[in-house]
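Read through the structure below, which is laid out as C-alpha cells, and then see the notes.
Here the chain labels run A, B, C and D in written order, and each chain numbers its own residues starting at 1.
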Amino acid sequence: MSVPALQLEGLKKSFGKAEIIRGVDLEIGRGERHAVIGPNGAGKSTLFNLITARFAPTEGKVRLHGEDLSGLQPFQINRKGLSRSFQITNIFPRMTVFENVRCALLWAQGYRYSFWNLVNRSRQLTESTDAILDQINLSERRDLPAGTLSYAEQRALEIGITIAGGADVIMLDEPTAGMSHSETDYITELILKVTEGKTLVMVEHDMGVVFNLADRISVLVYGEIIATGKPADVRGDPRVQEAYLGEALETEQ
Amino acid sequence: MELILVNLIDGLVTGLLLFMLSAGLTLIFSMMGVLNFAHASFYMLGAYFAYQISIALGFWMGLLIAPLIVGIMGAGVERYGLRRVHQYGHVPELIFTFGLALLIEELVQFIWGKNQMPYSVPDVLNFTAFAIAGNSIPAYKIFMIFISIAIFIGLLYILTRTRVGMIIQAALSYPRTVEALGHNVPLIFMGVFGVGTALAGVAGVIAGPVLGTFPGMAFVLGSIVFVTIVIGGLGSLWGALVASLLIGWITTFAKSYNIAMSDILNGIGIPSPADLDTSAFRDLWTVTSPQIADILPYILMVMILIFRPQGLFGKRQS
Amino acid sequence: MKKIVKLGAVSALSLIVGAASAFAADIKIAFIDPLSGPFASTGTNGLHQFEFAADYMVNQQGGVLGGQTFEVVGFDNKISPKESLIQLQVAIDQGIRFITQGNSSGVANALTEAIDKHNRRNPDDRVLFLNYAAVDPALTNDKCNFWHFRFDANADIKMDAITDSIASNQEIERIYIIGQDYSFGKAVSAAANRFLSEKRPDIEVVGDELHPIGKVKDFTPYSRKIVASGADAVITGNWGADMLGLGKSIIENGFDGPIYTYYAAGSGITAAFGETGKGAIRLVSEGQINPPPTDEAAAYYQAFKAKYPDGNIDQSRISNTIGMLAQAIEAAGTADDVVKVAYELAGMEYESIWGGKVFMREEDHQAIQDIHIQEHTDEGITFTYDGSDYGVRSMKRIEMASMDSPTTCQMKRP
Amino acid sequence: MTDTNVKDPARSKEQITTDPSKPAQRMGAGSMTLTLTPWLIGAVLLAILPFVFTSNSALTIMNQMWITVIFALAYNMLLGQGGMLSFGHAVYAGVGGFACMHIMNASDFFASFPLPVLPIFGGLFGMGLALIVGSFSTRSAGTVFAMISLGVGELIAASSVIVVAFFGGEEGISGDRTYAMPFFGNEFLQQIDVYYLISFWVIVSAALMYLWSRTPVGRMANAVRDNPERAEFLGYSARWVRFYSFVASGFFAGIAGGLFAINYEILTEENLNTASSGIILLVTFLGGVGFFFGPIIGAIVFTLVQTVLSLETDLWAFYAGTLFVATVMFFPGGLAGLMMMHVPAFKLGKAGYLVRPYIRTLIPAAIGTLGLCALVEMTFHVRHAATGDTQMTLFWIPFDSHAILPWVIAAAIALIGLGIARATTPALRDAWNEANTAGDRS
C-alpha cells in the first residue's frame, strides 16, 4: 500500500488542564475525500489547527506523505503541499479578488521573495489566476476589493485561494457554514470541481454536503475519533448514532 | 550603606510616580487595545491646571480639582475623538493620540507660554523630613510616596472589590465577552479613559513642583511610560508596578554609582586598547553609567521584547 | 492631482519670497533662533532684545550712514541645524547681509560652515555671521573663519573667570563638576580641570560627570552624589530645564555651597529658583545688570522694561552687537560690502553702556570684555528678572578677561 | 430632456462610492498599468520648476521637499504597504547620511567618484542597519514592532551624543560636497546643481519604490499587512516578507539621508531623534498611506507648512497639529484619500455636479476658518506680545489688537463663514451622492 497522504499518530492537545484532543490516530489515503464530523466543541477545528501547525501539538505527530511535520511553521507545511481554508472567512479584504488569488499562486510558481520580477509582467501568472477565477466563477468580480463581495462569493474566493497554489492535500474548514441552500449547493459543486484528483479533508456540519462529497468519514467526539469508515458504515454505527448522529440521520432519511 | 538606603527611597519616589502614569495607561490599553501616546500630555495638563488653581486657591485645592478636570477632558477625548477614530482601526488610533500629544503641547504653550512655571512645593511640606548621613529627604517626597501608595491601594480595592472593578477585570482578560454580556462597554471605555487620565493628572499635580512645570515635561516622560508598561507586560497592573519600581531603581542606582564601561570590560577579561584616544571604540570605553542611566530602560525594553515579547507579567501576546 | 498640489506649492513659494522682499527696510539683520518649540522663550526674548537694541540705539539716534535704519527680522529655526540652513538661505535671498544667532553651538557650527561655504561659492552676496551667544570655543579656534564674529565670551573665557573667583576663595577645597553630555558640557569640564590645576593645584575635583542632555527627569541621584562627595562648590554648564532641575535638586537635597553656572538667569529660571537659589546660584556673564553700571544702562533697561514688562535683559551683549555693527557700518561707509564691514569690526574697541570696553580681537574675532561673577539674590536688585523679586547682582568683575588667551585660529582673509 | 425628474430607482441607486473609512482598499486595486505618463510629467515638472522659481531659497525649500518625498515614500513601504508602524525610522536615514558624510571626509576615496553616486552608499548603510534591526524586530507586527522601533530609535538617537567618533556629538559631522570627482565638469557649487541631482534621485527612487510594490514580495507585503496568518498558509513567512520590506525601506531611507548629506553638508543628532521619526510619520499619514503618491503630497504640504507658514506665524506647529488631528479624525485616507474620493465622480462624468456646491460650502468654510485663525492669532498677540505693542498685522492689514472692532470683525467672519458652510453642507452632501450615483438624472 502506498504512503497515506496524511497520517496522524497519537495527536494530543491540551490548553491548560483542558484536554481538547485526546489521542487521534487517522490515515487518509491519496485522492481520498475525507470528512471529519462531530458535535460542537468536539475539537474539529483544533484538529485542523494542529495539522496545519497553527497550534503546536502537546503530543503526537502529523505526517504528510510520510514526512514528519513536527516543528515546521505553517508556511513550510504549505510549501510541502498542504493548503487549508478557514472556518471564519480569511481573505485579504483590502486587495482585489484577482490579487487575492494571485498572491496564492506566487510561491507555487516559484516567485518566492523575489523583487526583480514584476508580477503583472508575467503572462503565466495572470493566465493561471484568471483560470482559477474562472473555475470559482468570480471572473466578473475580478477587480473589486475582496471585502466587498457577498458572503458566498467570499467563501468561494477562500476556496479559490486554498486550491490556487496547487497543493495536493486540501483542507476545508466548514466551507458551507452559514449558507443558504442554494449557496450550499453552489459551493458543494465548486468543491467537487476544484478538488478533482486531490486529497480533501474537510470539517463540515451539513450532513448533506458530507454524504455527497466524502469517500470516508471520521466522527470526532470529545477529542477522540469514535468511528472511521465509508459513509454507509458510519451511518450504521450504533456508537455514532448514540453520540451524535441519531437525530440528524433520521431527519436526513 | 546609608547611600543605598537613600537611593532606595529616591528610586521608590521615581518608580511610584511612574506607576501612577503607567497604571492608567495599562488600564486603558487592556480595555481598548490602544496605546495612548498622549498619556503624558495629560500628566502635563495636570501640573499646569494645578499651578493655575494653586495661584487662586492654594496647592490642596489644586490637588483636588486639577485631576478632575483632566479626567473630564480625558473622557471627552475618548468620547469625541478616539471613539470616532476607533472604527478605522488601531494604527489610526495610535496616530491620533500621537497627534493629540503634539497638539496638547502646542496648546499649553499657547496658553501658558514657553517658560517654566513657578509652581512650587506648598510651605507646609517644604521642610526636611529626616536626613540620612547628611542626605536630606524632603518631606514632600514622603508625601509623594504616601499619595502614590494610597492611589495604588484605592485602585486595587476598586478593581478587586467593587462591581465596576469586576467588570473591568473581566474586560482585561475577555474584552469581547464583557461586551456580549450586555455591559455598556462604550461607557466603561469612557470611564476607564477618564480615570486613567485623571491618574496621570494626579501624577502631574504632585510631580510638577519637583520635576518642573514646563512645556517639555510630557515629552521627557512620554516614551518612558510606554517602556514601563511594555516591560511590565501590556495590560498587567502588577507588571506596571514592578516595572515602574524596577526602572525607578535602575536609573537611580545607575546615576548614583559611577560604573565605567572600561571597568566592566576589563572585569570580563577584555583589556583596554592601548591607543584609547584614537581607537574607533573610544567612546564605548569611556561610557559611564550615569551617562546612559536614562537610556537603560530602552535597552531593557528591547531585550524584553526580543526574548519575552509579552513582557514580564503579560499573559496575552498583543 | 500631483500637478495641482505642486502648483499650489509653487504659488505659495513665490508668495513668501515675493512678499518678504517687498518690505523696504534699509539694513536688515536676520535673527535665526528658535521662536517655536521648547527653547522658544529664550529665542523670543533674544529677538525682543535685538529689536529693542536696534530701535533704541540706532533708529532713534537717526540711523547710520545718514539715516538708514536697522530692522531685525526673526527667522524660526526650531533649534534645528537643518531648519537654520533653510532659513539662512531664505534670509540671504531676501537680501539680508547680516545674520545673527546664539542658541546652540551645534546650530552655530552648522551656520558658520554654511556661511563660509556660501561666501566662497557666491562672492556676490556674501554675509556676516554675528554670533551673540554660542560659546563653543572651537568657533573662534579650529573652526574660525573671517565671517564669524563672537560677541559673547566663549566658554573658556568664562571658565577662566569662574576659576579666578574660586581660586581667590580659600575656603573652597573640593569641587564637583557636572554637565550635559555633549560638546559644551565636555568643554566646560575640560576647561574647569585645566584652569583649576593651573590656578589652585591644591583643589581636589571630587566629581566630574556628564548626564544625558534633556532626558533626566529627576536629578536627585546626582545631587546625592554631590552632597556625599563633600564638595564645597559645584560648577555646571547646564542650561534650560536641566539647569533648573539640577540646581533645585542640589539645593533641596542639602547642598549649601555656591553653584557656579553659565545659564541660570532669566527665561523663567530666576523666578523658578526664587528663594531657594538665593546665596547659592552664581552666574558668570558679561555685562553688569545690578547695580546698574551707568546711567545710560539704567535708562536703557527702563525703556526696555516699559516696552516688555515681562522681558529681561539677560544678554547685554546684544546691545553691544548692534552698537558695534552700527559703528562698523558707519566706519566702512557701506552696509552692502560686508568685507569692508568685517575689516572694521575686527580690532574694534567699543565703549559699552554696560561699563567697560569691548574689544574684538583681530586674530580670531572673539570679543574681549569685562566678565562678572553675579549672584542670584533679591537684595540690592534694581532690575529683577522674570517679574519676580529676584535678579542677579555683580559680586566680582574681571577686567578684559582672558585678553591674552591663546587661539589656534588660522584665519583666511579675502 | 423632457422628463428630467423621472428617474429609474433601480439604476440610480447603484452606488459605487469608495468607502472613506477603508482608505487602503483601493491600494493596488486596478490601475496596474505601468504607464509612463505620470513619471514623464513628474520629470518634466521637476526639470522646469527651477525656471519658475529662480531664487535660491525656493530651491532650498524644494530640495528639502524632494528629500522628504523619498523618505516619506520609504516610510510608507512600512506603514502603508507593510502595515508596520515605526516610531524610529529616522535612524536609517540618519545613519545613511552620517555614512555619506564620513565618505565625503575621506578625501582620497571621495575624490575618486562623482557625487551623484554617493546616495547609493547612504542607501547601503541604511540597509545594513535595517538588516540588523530587522532581524529581530520584524518577527511580529503591531505593538511589538512599534515598541522595538521606538526603543531602537531612542537608543541610537541617545548614542549619537555618546558615540562621538561616528556621530560627532551634538555638533554633528560636516563636510564639503565639492571635493568629489567633478561630474562632467560640474562640482556642485550651486544650489541649482544640487537641485538637479536630488531631482534625479527622486524620480529614480520613487520609480524603484513603485516597481517594488509590483514585485512578488511587494504584493505579499500587502497580503501580510491585511492578513498575516492567511499569508502564512500560502507558503509565505510573514516575518520574512516584513523583513524584506523593512530592509528595502531602510535602503531608500538611507538614500534620503545621503541626499540630505549632499544638500546640507552637515548631519547632526537631529537627523536621528524621535522628533524626526515622528515628523515622517505625520508627513506620511497626512499625505495618505493608502496610495502610492500619498506621501509625496504629504511631504510637499508639510515642508511648505514648516518652512513657509513658520515664517508667517509662530503658531505654525499649532496649526499643523490641528490639521493632523483633524485628518486622522475625519479623513483617515489623508489628502490622497480625499482626492481619490472624487475619482468615481470623474469616472461617471459627474464631477461637474460638485463644482458649485463646493464653491458654496468650501469658500465660506475657508473664510470662516481664517476668521478663527485670526481670533487665535489675536488672542496669542494679546497674551504674549510686549506691553504697549498693540499693533499687529494679519493678512496684510495692520490694526490694534486691543481694540474691540477687529475682534468683532474676526468673530463675525468666523461665525458667518462657518454658518454659511454649515447651512450649505446638506446641499453638498446631496450633490455628492448624486455625483457618485451611476445612471443619469438629467
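Structural remarks
FYI, a residue touches a chain if its C-beta (ideal position, glycine included) is under 8 Å from a C-beta of that chain, and two chains touch if they have at least 3 such contacts.
This is a predicted model, so every value here is computed, not measured.
Taking each chain's centre as the mean of its C-alpha atoms, the one that lies farthest from the centre of subunit B is A. Overall, the chain located most centrally, as judged by its C-alpha mean against the mean of all protein C-alpha atoms, is D. With centres taken as mean Cα positions, subunit B sits 48 Å from subunit A.
Per-chain CA centroids place subunit A at a distance of 43 Å from subunit D. Distance from the subunit A centre to the subunit C centre is 74 Å, each centre being the mean of its Cα atoms. Annotation: 35 Å between the Cα-based centres of subunit B and subunit C. Residue positions of subunit D touching 2 or more other chains, listed in rising order: 158, 162, 315, 317.
Annotation for subunit B: residues 109, 113, 291-292, 294-295 touch two or more other chains. Multi-chain contact residues of subunit A (touching two or more other chains) are absent. Under the touch rule stated earlier, the contacting chain pairs are A-D, B-C, B-D, C-D.
Partner subunit D is touched in their complex by these residues of subunit B: 35, 81, 84-85, 87-88, 90-92, 94-96, 98-100, 102-103, 106-107, 109-111, 113, 223, 226-227, 230, 234, 280-284, 287, 291-292, 294-295, 298-299, 301-302, 305-306, 309, 317-318.
Of all the residues in subunit C, the ones that touch subunit B in their complex are 38-41, 44, 181, 209-212, 214-218, 220-222, 224-225, 227-228, 241, 244-245, 248, 252-254, 267-269, 271-272, 274, 386, 388.
Across the interface of their complex, subunit A is touched by residues 22, 24-30, 32, 34, 211-212, 214-220, 222-223, 226-227, 229-238, 240-241, 244, 248 of subunit D. On the side of subunit C, the complex with subunit D involves touching residues 1-3, 5-6, 9-10, 12-14, 16-17, 20, 35-37, 40, 44, 48, 75-76, 78, 80-83, 85-87, 89-90, 92-94, 104-106, 109-110, 113-114, 117, 121-122, 136, 181-184, 186, 212-213, 215, 306-311. Chain contact summary for the complex, subunit D toward subunit C: residues 38, 41-42, 45, 49, 52-53, 55-62, 64-65, 158, 161-162, 169-172, 174, 176, 178, 189-191, 260, 264-266, 268-271, 293, 296-297, 300-301, 304, 306-308, 310-312, 314-317, 335-336, 339, 386-389.
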